[in-house]
Structure formats: structure tokens, C-alpha cells
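Presented sequentially are two complexes of subunit A, the first with subunit B as partner and the second with subunit C.
This part shows the complex of A and B:
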């Protein structure tokens, strides 16, 4: 900082911003906004991430995210986010394992596959690429009022989702409290290859010439595509308790209307011996009303920051779930931290969930053997390491292990099924690298 | 803080104003008790009298050390919180009592921020060395007070700790605070009146603290690297910045540039008022 040296203007300006940053570090986050404003105004900032998700022997997914945020001088912000993910692998098709080889028709109707004795039937044609774009505009509209509107489009090979959302937040009690109301609307169109099967239609297995059964396959199909609409209403309240603690409460009410069945899922119909006689496509109600309550608290200890949350979700399919999630961010030095993460999830089954149908019983109105709406426990354990690099960019690595264990909701297992694995768990590894600049 | 302090709250609610005053007083006393180098119960005193042993420090102290470190690096060693030991030979009482070159040189090995080892939780100071947060303590207290007030009320409040001051916001109806900067001892200088909308003002330099010998005026701003006063610096500089601690350090760093003080601030596009 010798004045007489021929430092260029840039280096001189650096003194001011270096001091400004040092002051921010000294006085805490309360002044962060101001300091950031003077440095970052009218600039784009970017967050990028690459995520890998791999289930043992089942689905693997790769996902790339790039998000760009621009903050304008008057605190208006524009956020754009592009997500691309690719999924491949196999997922359970709903049928139960059997002591003999089973044959299934692929969901498209083109060809068949066989599943060995004792194996949980997986449909291995699961392959999709999804491109998703979100845009969100946020701006203050009056003192203490902030409004936000956004749009969403997501496209897969056989799926299109369009959505809009809006949110209004009101700060009061010297900005220590914030109340928000939000609403969103989605319209999803599903047009699976091979069309949408009739509820409880029998899966056609063409053992010989394919043309012979083509008509029959088509007859099991209702239509080429179907859609559903989702309306979400959200109420939020956040409260700064003191310098160290902030709490957040959310309630959401969600109404889904339309085609809610999974056209790729089926149920085995078994006889008294537990042997599969044939397979029926599943059938779900065309309405679902979900509600959830969420509470979160963040507490800043001398060094560490604890983030703890609980969610209770319930719906009129009689599914309810509890989620407990906690993270502890522990700074290692001025510029890096590690963050262990534990999540526990417990879910009760939908009232029409059953692992298989019995031939002797009359057909219920609705039935699904999809493990995702059955009874289950799941947990995630993971760790994240993050650092701020010279120049202020953030780099982080996350590694997590996920284990999902479906449990029996008390359905009897006749004959051979007693020896079969009906509720098969899923283990997965999640790895993510994120970089912000 | 050894200087008059005031808190001005723009309200007609007396009880509220008293609460704000008490809030600020408690915080300022807390900081003074913790970092005064004279008070034997203070953390600073313990640090300075711990004979080469490691002492555990809390997060606040660590952050203050980090800030001091940044200032040390930015000033290429001119600003050094270990330079307080020079007080043993320099006594700026307006006399002609300038120490000998030898005496100053004897002290120099006891100065040097680079000899201090510290982490987030502990600090080790070589025996005989001292740290002195006096150069940033008052300004830090102003900023802390402002933070606490903002958590407590939206009312416009001005905190003035012996001339280092900051406001939480503009006064009602977006009026500026009128702040007079006095320069006691500069007989001919007019008091400067500054309109402050928000942010902070800090002043470095003191008319009464100097030595005068053989026609040379020795200011109390010492160069930590040589142990000798900065030559040809303005008598006083007042700087405006978003936070008081920034304003204070900029004023001090400017004085350390001697004759170039005003140039230094001009090149940084910093608002200031200098008295020569």
C-alpha cells in the first residue's frame, strides 16, 4: 500500500472492498447484505452442481444443474435454473417374486422379458432424460412486502409438466417476523409409449406370433395419454427468535386431480398356493388431497450451525409420513466446513395398497402394489465438505448413503409367498459436486 | 472509553430511549471490560501477561484478530496491534521529550504481528510482546451497538463514542444528522459540520497528543516498522464509511501515509475531511 509505488487503480480499489469484506466477517451476517450489495449489484451469480444417484442393481441417475441469479439495483432478482437428468436401470413393476420363472410384456407392448425364480420382478426398460427449466422473479412491491412469480416447464420423453407459482411475503415486528402465502398450479401430461392401460386390465403375454395378440394388447389400452392437475396452497411463518436462532413453520394443502395411476405398475393375482395366475394393471383413485406441516429451526452456536426440521404429511389415501432431518455445519477454519447429515423417513401405506391380489377375493375398487405407496422406513446419512476458494467462489462435495426398507402392513402371505422376498429394500449412493461463482 | 459517549434516539418515548441507552452502555462496557489492556481482569491483560503460554480465545476475539490481521496485511505492516509497547518510550504529552534512537531500537524486537500465533480457539504471544486493540476497539463498539439497536428498534439512533460515531438510519423524514467535528487545540480551525444520512464517521489524530522538539512536530501515529512517528501527516482526518471500524482504520491508514494522506484517500474515492 505504499502510495508512491505505481499500483494501478484496481489494486487501490481492492483496499476498500478488502476492508469491507473484513468488516463483514467481523460484524457477522447482519452486514453481509450491505457488503454484498456494494460488490455484487448488477452481476450474475451462478450455482452449478452435478449429482450422481445409484441404487444397487436398480436405477442410476445423473443430474446436472445450472442456476443463474441476477440481482438488480432495486432488490429485484431474477433466478433461472436449468436441470438435466438422465435415468437408466430397472425398477420394481409391482409383481411378486415366484418360485418359478415369470414372463412379462414390456410396457410399450414391444417384446417381453423374463424374471428368474425367487427374484423380485424389475422392469429393466426404465430409461429417460428429463429437461427442466424454472424461472422466478422476485421484487419488493411496497415497504415490507415482497412478491414473487415463477414458471416451470419440464419435459421427458413421455411426460410434460407445466407450472406457474406466486408468493407474497410480509415482514413485520421490525422484520423479525415474516408471513407468506403462496399458490402454485401444475398441469402434467403423461403419454407413455404403448398408451395408458385400462385399470385392472390383464397384462397380455404374447407367447407366439406377435400380430395375433396385437389387437388384444391394444384392447387393454385405454388411451394414448392422460393428464393431471395439481393446485398447491402454502402458508409460511418465520420468526427470528434471537441473534442465534430462527424458526420456520409451513403448512401446505395440495389437491391433485386426474390420472394418478402408474401405467407401468401391475399386481400379481395369486391362487391359494400363492402362485401367480395372471397380472392386472394397477388402479388408483383420480383424486388425492395432501396436507403437510413443516417446522424448522436453525441455531447458531459459538461455531457450529444446527439445522433441524420435522415434516408431517397426510392425505386422503390414508398415507401419512414423518420426516426428521438434521444437519450440523461445523467450520474447520475461516474458509471450510464439514456438514454431517441425517434424515429419517417413516411412511404408512395407502389404504388401497396391497402387495398382490388374491384370485378368490373380489376385485377392490382400487389397488396398487407400488412399494412407494406402501409402508416403509428410510434413512439417509451423509457428509458434505465445503470450502470458499480464493476469489470467493464456493466449492462443495457431498456423499450420502440412502437406505429404504419397505415393511409389511400385515398382509397374509399364502403358500409359496411365505418363502419369497416380497418387501425388498433399496440401497443407494448419492454423490454431488457443487460450485458457485 | 475515557471520552464522553452519547446515544441520541429520535423519539418522544422516554422509556424506550432509556432502554436503547442502557443496551448500548452495557455493550460498550462489555467490550471495554474484555479488551482494556489496563484492566487486570480483562482478556487482553491476560493475553499480554501469559508468558509464552497458549491462551484460549473465543470467537469474538478471533474475529477481531482476523480483522487486525487483514489491516496488517493491507498496510504492509504499518498497522500492527503489537506496536503498543512503543508507549514505553513514547509519551505524547506535548513536551519535547523525544526518546533516543537506541531506546526505540531496543523496543523494536518486541513488535511484530507475524510472531503471534493464533487459531480460532487459542493464541500464543511471545513473552514481552503485547497486543493492543485500542486502535479499533472504540469503532468496533460503535458498530456492535448499532447492530444491537437495529435488532431492538427501527427508530433513528446515533451512537457517538468520543467522536467515533454511526447512525442506524437517516432521521425522521429522511433528514440528515448534523454532526460537528471539533478539533480542540487547533486554535484557528473552524469546527466542521458534516451532514450524515447513514453510516459512520471516525476521526484519527489528536491535537493534544504530540511532541515538539527543535521545531519538528512528532505526531502520535507511529510507524510500527521503524518505531518512529509518521512525518508530515495531517493533524486530524475524519473518514466516512458504511461501518465505523472501516472509517477508523481508513483514517489511521491515511495518516500513516504522511504527506500523501489526502492523496491516498482521494485515490480510494473515500469521503474525508482533513485538518493540517
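This part shows the complex of A and C:
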């Protein structure tokens, strides 16, 4: 390692060297001599970020990412990424607000909680820490052909996700055009505390002696864990239009198979007056096929750069959505910029979405009151400020506001429900600091 | 129900026609010479200029909305949805 007269530069290089050595050691592929050599070549680069996500009165999340990229000779690259996040707070359990206090059993079966009159029921036991590791290897395999393979593992207390992916890209027309084809496969296992409830089983509320309730609760549970698989196929085409403009088009086909129900969500069953009589755990189909079309363009004006994209998604649950995302990067000086961001999202409801069930009606095959598969509009507005520091490292700050507004798909609201807030909005603040070196 | 499927079919047909047109015309007339890549070569002109921001955003919207992916793979990953 070179000795530098400036202390700050020395510290910076020390940190990078230490991380480079640690990463190489973790890989277990290089001898120490090779590791030292790689540090000298200075060909590891690191991207780090810390993100805070906070909803008013609901979920709060903190997420840290460190990604290391090494570029070898002949354009081979290795990317390793570690993500750690922690979630706490409350999320809507699917039941509707009522003019009286409501009592719910916690999803684990351990204890109960009460929701005040007029309040949208939130389950406040939402708490988890997640660790995720990604590795991606990319290399040219023939002139104009680039291949990439990757692996993914994500573990939280009650959830394990394993994934692999591969991608092949073909450049032609003087590398102005690129075709790509990709595939990924995920296997997720869900083991919620207290097990998985039977579809449409009634929520057991603790009114009897403890042992009786425990048995009754257990009987309402199907199994301890369940899983789902996801196969994604993607076809992409990118085209350089001219010196200032590039475009990208993707078509995606995704098949999800297995346990797609949310074991924490339920539906209120209401009488003709709109009063909740009991609660049933939700039930979703065990298959979902999603497709999407995505188009993006980047345009370099004299100084500013516009990034504009549109996505149309549709699936066999009859959900469809439109997403428009736009960023404009505006240089402030040679070394700093600001980037305003606007995103608009509109989603139609799944055909089995219902805000509640009516006691008089027969039970449908599937039903969920999860607002995330209901009709909604959402928008994000944000701004990013970034600067290149004297040593060439990048520092940036991002602040965004995200607002979701669920809307009624025309479900009748009998009796007292006419005066209750059924479609409650969610507002969140997103703050992020990123540093690359 | 039939109408929404029809709409989707109509939309996909249009998309495929549009994509084919762009492909056909793209290969022949569009693009730049290697020495004209000064602006395109900038890091900020990459289609995904900030992969970390993109990963964080994907995680947020995957957890809060019924759609995911499109730009990259949208499957699996966490128990947040």
C-alpha cells in the first residue's frame, strides 16, 4: 500500500483495502498474495447505502446495503451484495373499522389486542430482521455475447427465500442494439409463528379457559410452514437512438405457484347493519401468472439527463397496473447535481378482493381484504442531491414522500360501515444516504 | 371480464407491433458510430444509473403494491408481501 501524506486519503484507502481483503478472504478463492495484489490493482469498488422508511402510525423500516464489485481483466465482473433490514410497527390486518371496540387474537396465538371504535384495525406485532446475500457473475462468452449468472438468499425469522438467475445478452448493429433473454427461479418458504391458518377458518378469540382455547387455536391451523415457487422469464431489447438517446423495452412473464395467501390477514364478516359478527382468515388462489411490458428512455439534453419509464402489468387475478416513473438529473456544478423524481402508480383490484364479507351471502372460493391487492392510486415525489468528492468518491442524499390512496371498487357499505373509514391512505417518508468508493 | 381480457389482448398486440416496428427500423437506421459515444458512455446515462437506489425502491414497492419487476426480475425475495 502506498503511503500518503494526507491523513484522510490514507484512511480512505485503508478502509477500501480492508474491505477488499475481507471480501477476497470471504470468497476463499484467492491466496493472501493474490488478495494483496488485487488491492494494489484497486479494482474493487464499493457502493453502500442506508435507507429509512417510515409510515405515519404504521411500519418503520431501516435498510443497509453494501455492494462490492470487482472487474477482472477481459471484462469479467463479480458483484456481491449484502442487505440487512429491520422492520417494526403495525400493518392493517384486513378487518374493517367498527363503531365499537374490537378484539383480535395475535397471529401467533399468544395474546390479544384491542382496536378502538372507528379505528382501522392494525396488527402491531409486525417485527422482523432480514439478511440477504446476492452474488452475480457476468462475463463475455463470445464476441458480442455476454452471459450472467447469479444467486440469492434471503432469511428472516419466519421466511426463507432462495433464488438463482441467468441472463444472456447479444449485441449487434455496432453494439447499438442489444437483445437479452433472462430467467430466474425462486423458492420461498414461509413458517409464521403460530403456523398457517386454514383458509376461511374463524379467528379464535380467547374467552374460555386457556387450554381449551389453545386446542381450538391449533385446530384452526393447517400446517407449520408452506412454500411457493416463482419462475420469471424476461425478454429485453435496448436500442441506441442517437448520440443523446437510448431506449429499453422488456417483456416479462412470471409464474407463481404455491402458498400465496397472507396468513396474517383476515376479513370481517358483517351482518345487514354492517356490524362485524366474526372474522375469517383470508384465502387466495395457489397460482398467479403475471405479465408486464416495460419501456424506458434516457435522453441527454445539453446538461440535464431525463430518465422516463412506463410499465403495464396484468395478471390472471385480474389485477392490472400502470406505473410512470420520471427523474431529471440536473448538474449544479462540475461535481454536484440535484435529481427530482416523480412516480405515479395506479392499480386495479384482484377479482377476489373484498373489503369485508356479508353474513347473508354464500362464501366465495377466494377472498382477501388486503388493500395491497385492492384498487389504489399511489404517487412518490422526491429529490436527490449528489456530489463527487475530491478523492473521486460519490456521496448522495435522497428524500422522498410516498402516498397510497386505496379507492372503492364499488362494494356496497351496509349500515354502520357507511360512516367508517374503509379505504385508509398510507403516507411514508423515505430518506437515504449513499456513499460509493 | 371478457372486456378486460380483450383490452389486454389489444394492448399486447399493439405492443408487439410497436416493438417489431422499432426493431426493424432500429437495426437499419438508428445508432451511433463508436466515436459518437461520449454522452452515452457517461455513468449517469446507463439505463440503471443507480443500482442501489433501484434495489431499495423495488423492495419498497414490492412490499406495498401488487406489481413488481418489469425492469428487472420481480419474483420472490422476502416475506414482506
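We take it that the second predicted complex is superposed on the first by the 394 of 437 C-alpha atoms of A that agree within 3 Å, B and C clash if a C-alpha of one lies under 4 Å from a C-alpha of the other, contacts with A are read in each partner's own complex, and residues count from 1 in each chain.
Definition applied: a residue touches a chain if its C-beta (ideal position, glycine included) is under 8 Å from a C-beta of that chain, and two chains touch if they have at least 3 such contacts.
For clarity, every value in this text was computed on a predicted model and none was experimentally measured.
In the superposed model, A:389 lies in contact with neither subunit B nor subunit C.
In the superposed pair of complexes, A:128 makes contact with subunit C only, with no contact to subunit B.
Once the two complexes are overlaid on the shared chain, A:252 sits against subunit C while remaining clear of subunit B.
In the superposition on chain A, A:164 makes contact with neither subunit B nor subunit C.
Within the superposed three-chain model, A:243 lies in touch with subunit B and with subunit C [touch as defined at top]. Of the two partners, subunit B and subunit C, it is C that touches more residues of subunit A. Looking at the shared chain after the overlay, A:309 reaches subunit C, while subunit B stays out of its contact range. In the superposition on chain A, A:174 makes contact with both subunit B and subunit C. When the two complexes are laid over each other on chain A, subunit A has residues 174, 176, 243 in contact with both subunit B and subunit C. Considering their complex, residues 1-4, 9, 12-13, 15-16, 18-20, 22-23, 25-28, 30-31, 34-35, 38, 174, 176, 243, 302-303, 331, 333-334 of subunit A touch subunit B. In the complex of the two chains, the subunit B residues touching subunit A come out as 58-59, 63-64, 66-67, 70-71, 74-76, 78, 120, 140, 143-144, 147, 150-154, 242-243, 245-246, 249-250, 253, 257, 260, 263-264, 267-270. Partner subunit A is touched in their complex by these residues of subunit C: 1, 4, 8, 11-12, 15, 19, 22-23, 26-27, 30-34, 36-40, 42, 44-45, 47, 49-53, 55-56, 59-61, 64-67, 69-81.
Within the complex formed with subunit C, the subunit A residues making contact are 47-49, 51, 53, 63, 65, 67, 81, 83, 85, 87, 128, 130, 132, 152, 154, 156, 158-159, 161, 163, 165, 172-174, 176-177, 182, 184, 186-188, 190, 228, 230-232, 234, 237-244, 246-252, 254, 256, 290-294, 296, 298, 300, 305, 307, 309, 311-314, 318-321, 323, 329, 345, 347, 350-351, 372-373, 376, 378, 384, 398, 402, 404, 426, 430, 432, 434.
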